[in-house]
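What follows is a short report on a single structure.
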Amino acid sequence: MDPMTVITLTTDFGHRDWFVGAIKGVILRQAPGARIVDVAHDAPAGDVASAAFLLGQALQWFPEEAIHVAVIDPGVGGERAPLALRWRRGFLVGPDNGLWSWLERLTGHPVGEARRIENPACRLPELSRTFHGRDLFAPAAAWLAAGGRFEDIGPAVAPAVTLPWPEPQPTGDGWRGQVLYVDHFGNLITNLRNDLLLAPAGEWVLRWGAEGVAPVADHYGAVKPGEPVAVPGSTGFLELAVNQRSASRMLGLGRGAVLELARRQNA
Amino acid sequence: MDPMTVITLTTDFGHRDWFVGAIKGVILRQAPGARIVDVAHDAPAGDVASAAFLLGQALQWFPEEAIHVAVIDPGVGGERAPLALRWRRGFLVGPDNGLWSWLERLTGHPVGEARRIENPACRLPELSRTFHGRDLFAPAAAWLAAGGRFEDIGPAVAPAVTLPWPEPQPTGDGWRGQVLYVDHFGNLITNLRNDLLLAPAGEWVLRWGAEGVAPVADHYGAVKPGEPVAVPGSTGFLELAVNQRSASRMLGLGRGAVLELARRQNA
Amino acid sequence: MDPMTVITLTTDFGHRDWFVGAIKGVILRQAPGARIVDVAHDAPAGDVASAAFLLGQALQWFPEEAIHVAVIDPGVGGERAPLALRWRRGFLVGPDNGLWSWLERLTGHPVGEARRIENPACRLPELSRTFHGRDLFAPAAAWLAAGGRFEDIGPAVAPAVTLPWPEPQPTGDGWRGQVLYVDHFGNLITNLRNDLLLAPAGEWVLRWGAEGVAPVADHYGAVKPGEPVAVPGSTGFLELAVNQRSASRMLGLGRGAVLELARRQNA
């Protein structure tokens, strides 16, 4: 590969300890020309479904042939396999725990063949039980960046874990969905695609709980500060927000909360 | 421009979600040689005045011809314009909300012509209403880095928003000022320039509220741990600190709090 | 040195203010080809001992000839000297407060000669009292990266501060140790080396306080979620964890807490 290959890092390791630094050091020692790009290191801790959504939103924008490392890995040291996968837009490296489940759906680019990382050239000589980011995933990414062949990483395997995608359900006059992701502003991103609003035409509201209701508008500022509003999000999905506040905190809703998109009733 | 152009990023997007990653991906795809430098991604959320101070403190140190992107943008999706501006030391890209108001004052380098980002070549094909960092500002910065002409970005405009600078007021024996910025250590940075202390000579104290008073000294350790002290700060402005603690928390003061610099009374 | 020299940054400046941005700007202006790598900017604030452990865990993985800057500097502006040091694997730049005390022990690579940063070419023209990261340490690192001679930085000195290493003490049937570092997952990393477990063979437990006890196992998942377990850590030291929780919070233990590694009693 190009010696200036981009390697992106997405982890829940934070910026407090040595974890991210050690990963970067391992990569730079093996692939000195690699361009390391931090995507996020405060990904929701151990939350594979949120990370799967995050990766689907971030990785699609990078140049082709980038190598994407993700280490949200609550099962480290257990039985889950370490994987490298081909993706239409580069390579993916991380644990076999479902992290890549939604990548094709969210980006349109299919995920291809998976290999179990086994080649000793793709690992540090000593393998710890608790830090595979440093010992396995960083070396495998650096090995690809330095020109190693994908096929030599290890045997082809089928990923063991795939997270089911929560498909919205039709109701009489709309759709029942759920909160997929809570961002750091507290906005609640749903599984209701923006284009559900297009047809049939009409005015919509988003409902939750016994009495919660928010108008659908095209930007946060369409309601007063402190009031809820549902907007077609930059993710391609409807999001429930509170203008200038955290919707998650003010409405008491989190991942998995059920929502209904319905037509406004003209009583 | 130089293909190794530095592009700095200053946002309030945090490190938890995909926002920063998507911006970096968009830049690298359009300007593969650009050197992306993270300035701060936990800038005080939606707080344009604090960001204006932060930018004035950070950007002056970078090489000339750098491109500086700032996305603290509480009005995203509303009427505020997306701008690119010439600066004596490079280019500035961000929303028209006052972010650049204090740059000349704080750095000595004037901000020049502003252009409204309108050229379709400086935007993603589809423009979301809530994530102009990815859809508008990153592409415009990458376009400049890849050699696009500033004049082609869009029509020349006058920025609509300029934050007034809070000038200190003379009192009988000193100056009345205010807290401009609270840093993450809890130090309270004021609008009182260090050089106000120079003339006339004498010993000074900083006062606040009914009874608050701190000596002016030349470093935090001049007082015991837990005690307040005012020091000529590295920003060029006096800061009120508490040795080894958070002054903001211990003194209960925040942005806008009024302070008086006065000569010590020899009773 | 190589114009693409890696300069790593480890600080407690956070990502909220301009501190890290200003340091990066100063480096890039003086050493335009330097590759700046963020190790950690949320290092435990003002906690030199934790930083010494962090640096020992992170820096060993980087390429030789890297330049490592660390600014955890609670004594900034006081009497402590600014230092540059030779290290078997590159150079070290930071305050003389003990930050490098454990680097040789944790990495096996000796720290060599120290120089006090005095050469005006290795400092900004004006030196603030409170931000030596920008004014002294960044310029000194950039100067080395741009080909400046180590010997010209300033006079050779002996570092004034060395943190003592807390050696574990033998007990009748094991070892008494302590918590060295609390990571952001809340795992408690001890001064008990993994290899203390090897001989004599047998089954071990880790004890603390009046009644605390955890089995030693080889990964977190060996116990149920919410239960404590001691595992040989990726740092080379035993760590006390709670599966899928924060051990620090659940067990109420922090840095310095005393622990005993003992053989399991077969009553």
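Labels A, B and C are assigned to the chains in the order they are written; within every chain, residues are numbered from 1.
Rule of thumb we're sticking to: contacts are C-beta pairs under 8 Å (C-beta built on N, C-alpha and C of every residue); 3 or more make two chains touch, one makes a residue touch a chain.
Note that the structure is a prediction, hence the values are computed from the model and not measured.
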Quiz item: Superposing the C-alpha atoms of chain B on chain C takes a rotation of how many degrees, nearest 5?
Solution: 120
Exercise. Determine whether chain A and chain C, two copies of the same sequence, contact each other through the same residue numbers or different ones, counting it as same when over half of the numbers at the interface appear on both sides.
Key: different
Quiz prompt | Centroid spacing, where centroids are CA-atom means, of chain A and chain C in whole angstrom | solution = 31
Exercise. Enumerate the residues of chain B that touch no fewer than two other chains.
Key: 15, 38
Quiz item: Which bits of chain B are touching chain C when the two form their complex?
Solution: 4, 6, 8, 10, 15, 35, 37-44, 54-55, 57-63, 181, 183-185, 218-221, 231-234, 239, 244
Quiz item: For chain B, which residues are in contact with chain A within the complex?
Solution: 13-22, 24-26, 28-29, 32, 36, 38, 45-46, 74-78, 128-131, 134-135
